[in-house]
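Each of the two complexes below includes chain A, the first together with chain B, the second together with chain C.
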Partner chain A sequence: MERKDWNVLLVDDEHEFVTTLSERLALRGIASRVAFDGESALREVADSPPHLVILDVMLPGMKGLDVLRGIKAGYPDTRVILLTGHGTTKNGIEGMKLGAFDYMIKPLDIDVLIEKMNDAMGSGR
Partner chain B sequence: MFKTIFRHSFKDLHGGEDILSPERYQSLRRKIVGLMAVVSVAPLLLMAVINYYEYRTAVSREIQNPLRILLSKTKNSFELFLAERTSTVSFIASAYPFEELAREKTLRHIFTVMSQVFDGFVDLSLVDENGIQVSYAGPYALAGKNYADQSWFNHVKVRGKYISDVFLGFRHFPHMVIAVRHMDETGRSWVVRATIDTTPFDRLIAAMSLEPDSDAFLLNKEGILQTNSNYYGKILERIPLPMPPQAYEARLLETQDPQGRDVYLAYSYFPDTDFVLMAVKPRSSVLKAWYMVKGDLLFIFVLGVSAIFFVAYKMTGLLIKRMRESEERRELAFRQVEHAQKLSSIGRLAAGVAHEINNPLAAINEKAGLMKDLLGLRPDFPDREKFITLADAILKSIRRCRDITHRMLGFARRMDVSFEELDINEVLNDTLSFLEQEAKHRGVAIDCELDEHLPRILSDRGQLQQVFLNILNNALAAVPDGGKIQVKTGKIDWESQFISFQDNGCGMSQETLEHIFEPFFTTKKGTGTGLGLSITYGIVKKLGGDISVKSKIGEGTLFTVYLPKSARKEAAS
Partner chain C sequence: MSPSSGEPAETAMREAVFMGEVTASITHDVQNVLAIIQQSAGLMSDLLDLSRKESLKSLGFRKGFPYHDKFKTLIGAINEQVERGTGLSEGLNRLAHAVDDRPGPTDAAGMAKLLFSLIGRIARKRRVVFALETGGPVPVDCPPMAVLMGMYAVARALINALSNCEVRVRVEVREAEPVVVFLLPEGGEGGTPVGLPTEMVLGERAGTIRLDSRDDRIAMVFPSCPSDGRAG
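Coming up: the complex of A and B.
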């Protein structure tokens, strides 16, 4: 699948971070929608099921891992890359168990992120 | 009340401000030994004293009684002797009429018969009521002698019977007189007088078979000797002892004789005559047995007291040592918990700070990245190169910040105790990164010689980092600016590997070396807790490993940590 056909959703409560990230991805030919909390994220997913979700585990209100569960329950084919600002790998490992494709610690290196996104889209899952 | 006293005296037992001070243990030890000694020595002493007196009394009684009995028996012999002779004289006086006795021939016959039956009679005479000696039988020619003015004659006239003291008289050998008056039916009275040799007295006294240092003798009530004495003079001399109070049963006094000997003085007054029988026995001889017992008693007492003190001292020492050890262990545990809690709060704080900073940092990262992206798309942007350099500088700084926050998060992670498979070199490098800045600042070179092919081991990352950090901190403190620290890792065998830290710092004395793993031992007076290496030691042991140290003053120190392949297996066994 071509990059321009990817349906990507970015979920993070940090507006500045997520909008800028979306813009940077756009510069690299990847269109993406953004959501600032778990509920709106699930709504966006329901509107148009994305191929890939980049999800922060620390969200206000609904927890990131609950959002992950919701996505995986309704759309098992959707790949999820988790983001965490926290050092403990516990959330990451639990997320992997719940079906996340990978996890990354913030701040991100955009090249590494793109690489992981390629991997996710390229993999047969 | 006792409870209050006890609590007051032993308040050191209940802890306090400075519970680990040596003075406290010293004073506690003194008090316990003192109390144990008092509680056990006091009854012993009391018993010894009571025993001493009881025994002395018993021994004295044992010695006094035979003496008393012997004296009574001898006194009875004396009385019997005198009574027999008195009765004989009395019998003669009453059995024959005056006329018969007045005839010398008859009297001599009677005297002869009497002398055959009873020994000691020297002569026999008849004295009429006017005191004129009528007839006489005996070795001396004394007929016609007038006794009218002599006191004994008056005495016998009044009392009917007279026994004289011993005297030498005309005959110059000790004798005594027994005189008995008789009155017939016509009212005529006469006196039969017999002289008795007192040599049998000596026989009676000899029969007591006294020891050579003892003495026995007969006295009259004035204290004039009636028999010879071994120590207190010849017959008819005055004894150099005061006369004891009158008593007719055998009495015993403890006194001192003129020679200065402590003696038992046994005596008895005769009820019918003027005599007193006395026996003297030196106490030293009779108490010899007692002194021996006293010696034994003292020996046992001293032995017992020493044993009590020895045992009390040793036991208390042991007790105090145990107590001290356990209190030190408890204190160490407290401090370790305190230390761990401190580290854990620092960890939580670090994690919180790191997390809070990570989010804005991520935003800055994206903004700067976007700036760079946009600049990359605009080749015609003015000062493009300059801006790209600036954005790169920002991104580089962000990476540095990220390293710091990640390290802080790693520190927090270390608080969780968990076994995982890890690479010692990696853990060591992580730890070294903490100290890089300080080492660089002080110009200390840290050389690493790491065995790249070390097998991964099962251990606790956080704990190991603390171990390495403690040792490295000590090494950094020991080396001068510009010093050198060499870190090596290697494999000993399949089951264990080592990590060694060699510095060229100030080194340690043998004495310091012996104590470095003890809690609260510190050479950094005022700044160190003295816990670092003891905790290090504790952790290494907990992880199933071992730690060794070699050091030479002025040359440096080598710490070597040995770790097993699986800490869990080692720790469990």
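Coming up: the complex of A and C.
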């Protein structure tokens, strides 16, 4: 599948971060939707199941790992890349046990992120 | 450093836990701030590239941004500072988690790396540089904060006593004992630190560090692990 056909959802409560990231992905031919909390992320997923979700684990309210569980329960084919902080890498590891494709530590390099997105889209997980 | 007991020790522990939790939480926010700065600088860079590309495509009819190169340099500087801030935030986060009460051995080499990354500025004031020489993890039977405090006491004494020099620090296992050796420089200014004790009692459950101070080195011998436990 070509990049332009990817259905990508970005989930992070840091509005500036996630909207800027979305804009940068768009400049690279990857369209994405954004959600700022777990509940609206799950609604977005239900509306149009994405191929790929970039999900922050430290969300206010519903936690990132619970969102991951919800996604994987209803849409096991959706790939999830988690975003963690350096103090919360154990959440990333825990997330991979729950079916996440991989995790990345913030701040993140967009080229590395796209590389991982490519890998995820090429994988069956 | 002396052992504490009873209520003052409990109060100190509660204060340390409070400081640790709040600091760890703040470092998470700092990471988010840095992530936003990094992505915003990245977007500026993307747009500059786009503008240049469009100018080239128009064969010069559409003028490019005149300060393209200067802006690129500034964006590079922003990214360097984001990287620097990330390192500092990471160190601070690890320091905050050093008060966590977790069982098992501590990696003295990892703690030394953390300590010297955190106290670089304090040492630079006296133009002292700590150069860490270590191989793999060196497990010690001591809580992380006690390891940090013990090493800091010696490092601080050296900073006070010396200036304009490099102190090599080796973390290794010597004759089955985990040791941290501060090799004193031949050059530089200042003298051997005075007033260091021959042992440091690190408090309840933290054991005792033996100190062997000589003219050319100060060796700290940490409590070794009962078995070959893996350092956390």
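The rule is simple: the second predicted complex is superposed on the first by the 122 of 125 C-alpha atoms of A that agree within 3 Å, B and C clash if a C-alpha of one lies under 4 Å from a C-alpha of the other, contacts with A are read in each partner's own complex, and residues count from 1 in each chain.
Following the convention adopted for this analysis, a contact is a pair of C-beta atoms (placed from the backbone, for glycine too) under 8 Å apart; a residue touches a chain by one contact, two chains touch by 3 or more.
Here the structure is a predicted model, which means the values were calculated and not measured.
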Next on the checklist: Given the alignment on chain A, is it a clash or a fit between chain B and chain C?
Outcome noted: clash
Checklist entry - With the two structures laid over each other on chain A, which partner does A:27 touch: chain B (first), chain C (second), both, or neither? => result both
Next on the checklist: With both complexes superposed on chain A, which partner does A:93 reach: first (chain B), second (chain C), both or neither?
Outcome noted: neither
Checklist entry - If you stack the two complexes on chain A, which partner ends up touching A:106: first (chain B), second (chain C), both, or neither? => result both
Next on the checklist: After the superposition on A, what does A:46 contact: first (chain B), second (chain C), both or neither?
Outcome noted: neither
Checklist entry - Shared contact residues on chain A for chain B and chain C? => result 14, 16-17, 20-21, 23-24, 27, 58, 85-88, 106-108, 110
Checklist entry - Can you list the residues on chain B that touch chain A in the complex? => result 351, 354-355, 358-367, 369-370, 373-374, 377, 398, 402, 405-406, 408-410, 412-413
Item to check | Of all residues in chain A, those that touch chain B in their complex | outcome: 14, 16-17, 20-21, 23-24, 27-28, 58, 85-89, 105-108, 110
Checklist outcome for this item: Per the touch rule, the chain A residues reaching chain C in their complex are 14, 16-17, 20-21, 23-24, 27, 58, 85-88, 106-108, 110
Next on the checklist: Show me the residue ranges of chain C that touch chain A in the complex, using the header's touch definition.
Outcome noted: 24, 27-28, 31-32, 34-40, 42-43, 46-47, 50, 82, 86, 89-90, 93-94, 96-97
